[in-house]
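Listed after this line are the structures, all set down as C-alpha cells.
After this come two complexes, each holding chain A, first together with chain B and then together with chain C.
Right, the complex of A and B next:
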C-alpha cells in the first residue's frame, strides 16, 4: 500500500507530530496509567455497586465503547496508549533479555484461550458487577505483562497472550488507517531495518512486523515505534479502504481463522449471556442434569458456544466449500478456512458494536454523577453538593434499538461483500465461486438472525437469579 | 452439483436451526440489565435510601427496583425492615402497583428488591415505603417506562436471507456475463 496521495495521519501537524514525537506514546500511556490507578483505587475503596463505581463504569462501559468507536474511526488506539505496556517496558530494562517465546506458543491459540477464560470469568464471577474484581483484573494484567516481558526477549504478551490485544488486532483489520512505508526504494536500500530492530532513540516493532511488508493491521499495536526508529522518516499512517485487509490473501493458519470466527461467536454468546433464555439453559442444566456449580454450567455453555460450535462450523463450512466447488477438491481445508474466516470479522464487529454501543449510549453519561459521588466521598464539593443521578442517555432512546439492528445488518452486508470478493479471487467461474462461498454465507445469515433475535430480547438482571447455587 | 448444493445447505441450516431455539423463549423474571442509580442515600424518615432501577430504560412488564436502607444515625445497613415499592402512573389510568421488596431476588443479599410489572408506557412515580422499629419513611422518584424492543421477524429473518438472495443474484448475473463473453 504505497500511496503518496492518500491522507497520512503522521504527516499532519496535529495529531501527527504528537503521535510520532519521541514521548508521544508515553504521554498517552501515562494518562491511561493514571486512569488505571484511579480505577484500581476506586474499585477497592469505592461503593461496591457497579452503577455507582468508576471502576466498573469506566472499564465495562466507557473502555469498551471507546475501543469499538476508535477501531471503527481510526485504528488500534487502545494498544497505542495501553498502560499495561509501561510495566512491560520497565521489565525489559530490568530483565536479562532472556529467551524467545516458545515456538509452540507463537500463534493465537494462547490469546484465544485467554479470551475464552476472560469471557467465562466475566459471566461466572460477574466481573461487570464487581468493582473489586474489576480492580483485580487490572492488577492481573499489569502483573502478566510485566512477568512475560521480564522472562522473554520480544513482546510475547501483546502478540501471543493478551486477549484484549487479540480482540483489537482482529477488529483493527476493518480500521481506516494502516502503517506502511512512504516509498519502496528507501526501504530497499535500508541496511539496519531500524523499524524492526530499533535505533538508539527508539525500540523497534515489539511484535516484529517489518514495515515494507506490512499489508494488514493484524498484530500492529499502533505503537509507532517503527516511525520513531526509522532514520529516513519513511513510515506513514495513511488512510485506506476499511476492511481491505480481509480480502487480501494471507498464509493459511488455523489459529488465525479460528480467532476470526470465534470472536464472532463470542460476540453472540456475550450478548446471549444477558438475556432470559440463558437462564432456561441454566435451569435445565441445574435441575435435569444436576450440575449444581454455576461455574461448571457456564463452562459448558460457553465452551460449547465459544469453542466447540465455532470449531465445528469452521471445519464443516470449509469441508462443504470444498465439496461444492469442483475445482477446489485438492485444496486443503486449512487454506479454504483461512480464506473465508476473515469474512466473519465485519459481522462480529457489528455484533460487538451493537452490544457495547448500547451500554455506552445508555450508561456513558452516568460517569458524571459517579465521579461527583467519588469527589463527595472524599469531602470535596467542587462538583456540587449532590450527584445528579438524573442524567439521560447519549442518544434519544428511540434511536438505540434501530441503530443496533442497523450496525448488525451493515456488518452482515460487509461480511457478504468480503466473502464474495474472496471467492472471486480464487475461482474465475462465478458459479463455482458462489457454490464455494455458500456455506460461509449461510453461516453468516444464521449468526445474523440469532444476533438480531438476542438483541430483540430485553436483558436479564444477571446475578439476581440462581439455580442450585 | 445442485444436489450437493442443496444437501450442504440443508446440513448447515439444520445445524444452526438448533441455535435460535435458545432465543425463542421470551424474557421473563425480575429485572433486566443495565442498572441505574435513582436515589443515593436520600433521607426517608429515620433511614437513608439508595434505589437502583433496571433495566435501562425500564420497559413494560419489566421494572426492577433494588433498595438499600441504612440507618440515618447508625450508618448501618438494615435488613429486617418492611419495604414496599409502589408504582403510581402519572400519565395514564393504569392501575397502581404495590410489591413487597424482598431479599431473595436482590443481587446484593443485604438489599431489598421488587419486580414491578408496569402495564403501560409513560411516566410513573416510584414510591418506596419503609416500616421498622425506628419508625416509617418514604422516598420517591420518577421513572419513564418504554416499550421493549420489538423487531419484526421480517427484518430479523428476512433481511439476512434477502442479503443472501441478493448475493446469489449478483453471482448469477456475473455467471451470465462471463458466459456471454466466452
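Right, the complex of A and C next:
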C-alpha cells in the first residue's frame, strides 16, 4: 500500500511531529502512567463503593468507552500510550539479551485464554464493583508486562499474552489509519531494516512487524518505534478504508480465526451477564443441578458461551461452507475458517460499542462528582464544597437503545460486506460464492438477533451483593 | 535477567503493594456512626422493583423510644461504576416515622446510604443493601 496522495497523520505538524518525536510516545505513556498511579491510589484508599471511586469509574467506564471511540476514529491509540509497556525500556536495561518466546506459545491462544480468564474473573469477583480489586488488576498488569519484557527478547507480552492487546489488535483492523512505507524503492535498498531491528535512536518494532510488508493493523501497537528508527523517514501513517484488511488474504491460522469469532461471542456474553435471563440460568444451575459455587457456574456459562460455542460454530460453519461449494471440497477447513472469521470483527465491534457505549453515555459525567469527592477528601475545596451528583447522562436516555440498534446493525452490514467480498475472491461463480458464505451469514444473523434481544432487555447490575440477595 | 534481579524486582512490586494496602480512611468512605440509633427500613413497593418508590424509616433510640424531629437524607448507589446516585430528603410522618420519595432507576444491586441528624444535633450514617428487580 503506497499512499502518496492519502492524508498522512505523521506528515502533519500536529499531531504528526509530536507522535514521531523521540519522546512522543513516552510523554503520552507518562500521562497514562500518572493516571494509573492515581487509579491504584484511589482504588486502595478511596471509598470502596464502585460508583464513588475513580478507580472503578475510570477503568470500567471511561477506559472502555475511549478505547472503542479511538479504535473507531483513529486506531490502536491505547496500546500506543499504554503505561504498562513503559517498563519495556527499563526491562531491556536491567536484563541481558533475553531468549526468544517459546515457539509453542507464539500464537494467540495465550491471549485468548487471558481474555477468557479476565472476563470470567470480571463476573465472578465483580471486578467492576471493587475499587480494591481494580487497583490490584493494574498492579498485576505492570508486573506481568515488566517480567515478560525482562525475560524475553522482543515484546511477547503485547503480541502473545496481553488480553487487552488482543482486543485492541483485533478491533484496530477496522480503524481508519495504518502504518505503511512511503515508497518501495527506499525499503528495497535499505540494508539494516532499522524499522524492525532498531537504531541508535529508537528500538525497532516490538512485535517484529516489518514495515514494507505490513498489510494489516493486526499486532501493531501503534508505538511508532518503526517511524522513529527509520533513518530515511520512510514510514507513514496514512488514512485508509476502514476494515479493508479484513478482506485481505492472510496465512490460515486457527488461533487467529478463533480470536475473531470468540471476541464476538464474548461481546454477546458480556452483555448477557447484565440482563435478567442470566440470573434464571444461575437459579437453574444452583437449584436443579446443585452447583452452589458461583465461580463454577460462571465457568460453565462462560466456558460454553465463550469457548465451546464459538469453537463449534467456527468448525461447523467452515464444514458447511465446504459442503455447499462443490469447488471447495478439497480446501482445508482451517483455510475456509481463516478467510471468513475476520468477517465477525465488524459485528463484534458493534456489539462491544453498544455495550461499552451504554455505560459511557450514562456514566461518563460521573467523573465530575467522583473527582470532586476525591478532592474534598483531601481537604481541598477548589472544586466546590460538595460533589454535584446531579450531572445526568451524556445523551438523552431515549436515544440510547436506538443508537445501540444502529451500531449493531451497521456492524452486521459491514460484516456481511466483508464475507461477501471474501466469498468472491476465490470463485467467479456468484452462486457458489453465495452458497459458501451462507453458513457464515446465518451465524451473523443469529448473533445480531441475540445481541439486539439482549440490549432490548433492561440492564441489571447485580453481583456485588451476592447471588440471590 | 539474573535470578537475583528478578527477586529484587518482585520485592519492589510487593513493597509498593504493601504500602498501598493499609488503606487510609477518607471522609467519603462513609463509615457507619452513632450506634445508639436503630433504623428500620421499609420499601414500598416491596420487593423493590424498578420505578418510583417510597422509603419508610422508623427511628428508635437505645431504649426503644421513637425519635421525632430528626432529618434524614438517602443516597442510593448502584454497585456498578458510572451509575448516577439517586438522592432524596425525608418528610416526617410522625410517631418516629419518616418517608423519602425515591426512584429505582435501574434493576440490580443498590447500596442505600442514609445520613441523619437527630434533634440533639448528633448525626449518624447507616447503609442498607438491597436488590431491585426489573419486573
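Criterion: the second predicted complex is superposed on the first by the 463 of 469 C-alpha atoms of A that agree within 3 Å, B and C clash if a C-alpha of one lies under 4 Å from a C-alpha of the other, contacts with A are read in each partner's own complex, and residues count from 1 in each chain.
The rule is simple: contacts are C-beta pairs under 8 Å (C-beta built on N, C-alpha and C of every residue); 3 or more make two chains touch, one makes a residue touch a chain.
What you see is a predicted model; the values in this text were computed from it and never measured.
Colleague: A:434 in the overlay: touching chain B, chain C, both, or neither? Say first, second, both or neither.
Modeller: first
Colleague: Contact-wise, after the overlay, does A:346 reach chain B, chain C, both or neither (first, second, both, neither)?
Modeller: Neither: A:346 stays clear of chain B and chain C.
Colleague: State whether A:57 touches chain B only (first), chain C only (second), both chains, or neither.
Modeller: Once the two structures are laid over each other on A, A:57 reaches chain C alone.
Colleague: Pick one for A:151: touches chain B only (first), chain C only (second), both, or neither.
Modeller: So A:151 only meets chain C here.
Colleague: Looking at A:212 after the superposition, I want to know if it touches chain B, chain C, both of them or none. Which is it: first, second, both, neither?
Modeller: Neither: A:212 stays clear of chain B and chain C.
Colleague: Once the structures are superposed on A, label A:49 by its partner contacts, choosing first (chain B), second (chain C), both or neither.
Modeller: Touch partners of A:49: chain B and chain C.
Colleague: Scan A:366 for contacts with chain B and chain C and give back first, second, both or neither.
Modeller: Both partners, chain B and chain C.
Colleague: After lining up the shared chain so the two structures overlap, which partner does A:135 touch, if you call chain B first and chain C second: first, second, both or neither?
Modeller: The second partner, chain C, only.
Colleague: Taking the superposition on A as described, I'd like to know which of chain B and chain C A:416 touches: first, second, both or neither.
Modeller: A:416 sits against chain B, while chain C stays out of touch.
Colleague: Identify the overlap between the chain B-contacting and the chain C-contacting residues of chain A.
Modeller: Shared contact residues on chain A (touching chain B in one complex, chain C in the other): 49-52, 129, 276, 359, 362-363, 366, 373, 389, 393, 457-465.
Colleague: For chain A, which residues are in contact with chain C within the complex?
Modeller: On the chain A side, the touching residues are 40-41, 44-53, 56-57, 59-61, 91, 94-96, 98, 126, 128-129, 132, 135-136, 139, 142-143, 146-147, 150-151, 276, 359-360, 362-364, 366, 373-374, 376-378, 389-393, 457-465, 469.
Colleague: Where on chain C is chain A touching in the complex?
Modeller: 1-2, 5-6, 9-10, 13, 16-17, 20-21, 23-24, 26-30, 50, 75, 77-85, 87, 106-109, 111, 129-131, 133-135
Colleague: Name, in rising order, each residue of chain A that touches chain B in their complex.
Modeller: 49-52, 129, 272, 274-281, 309, 312-313, 316-317, 320, 323-324, 326, 359, 362-363, 366, 369, 373, 386-387, 389, 393, 397, 401, 405, 409, 412-413, 416, 420, 424, 428-431, 433-435, 437-439, 441-450, 452-465
Colleague: In the complex formed with chain A, which residues of chain B make contact?
Modeller: Residues 1, 4-5, 8-9, 11-13, 15-16, 19-20, 22-40, 50, 52, 54-57, 59, 62, 64, 105-108, 113, 146, 148-151, 155-157, 159-161, 163-164, 167-168, 170-172, 174-175, 178 of chain B touch chain A in their complex.
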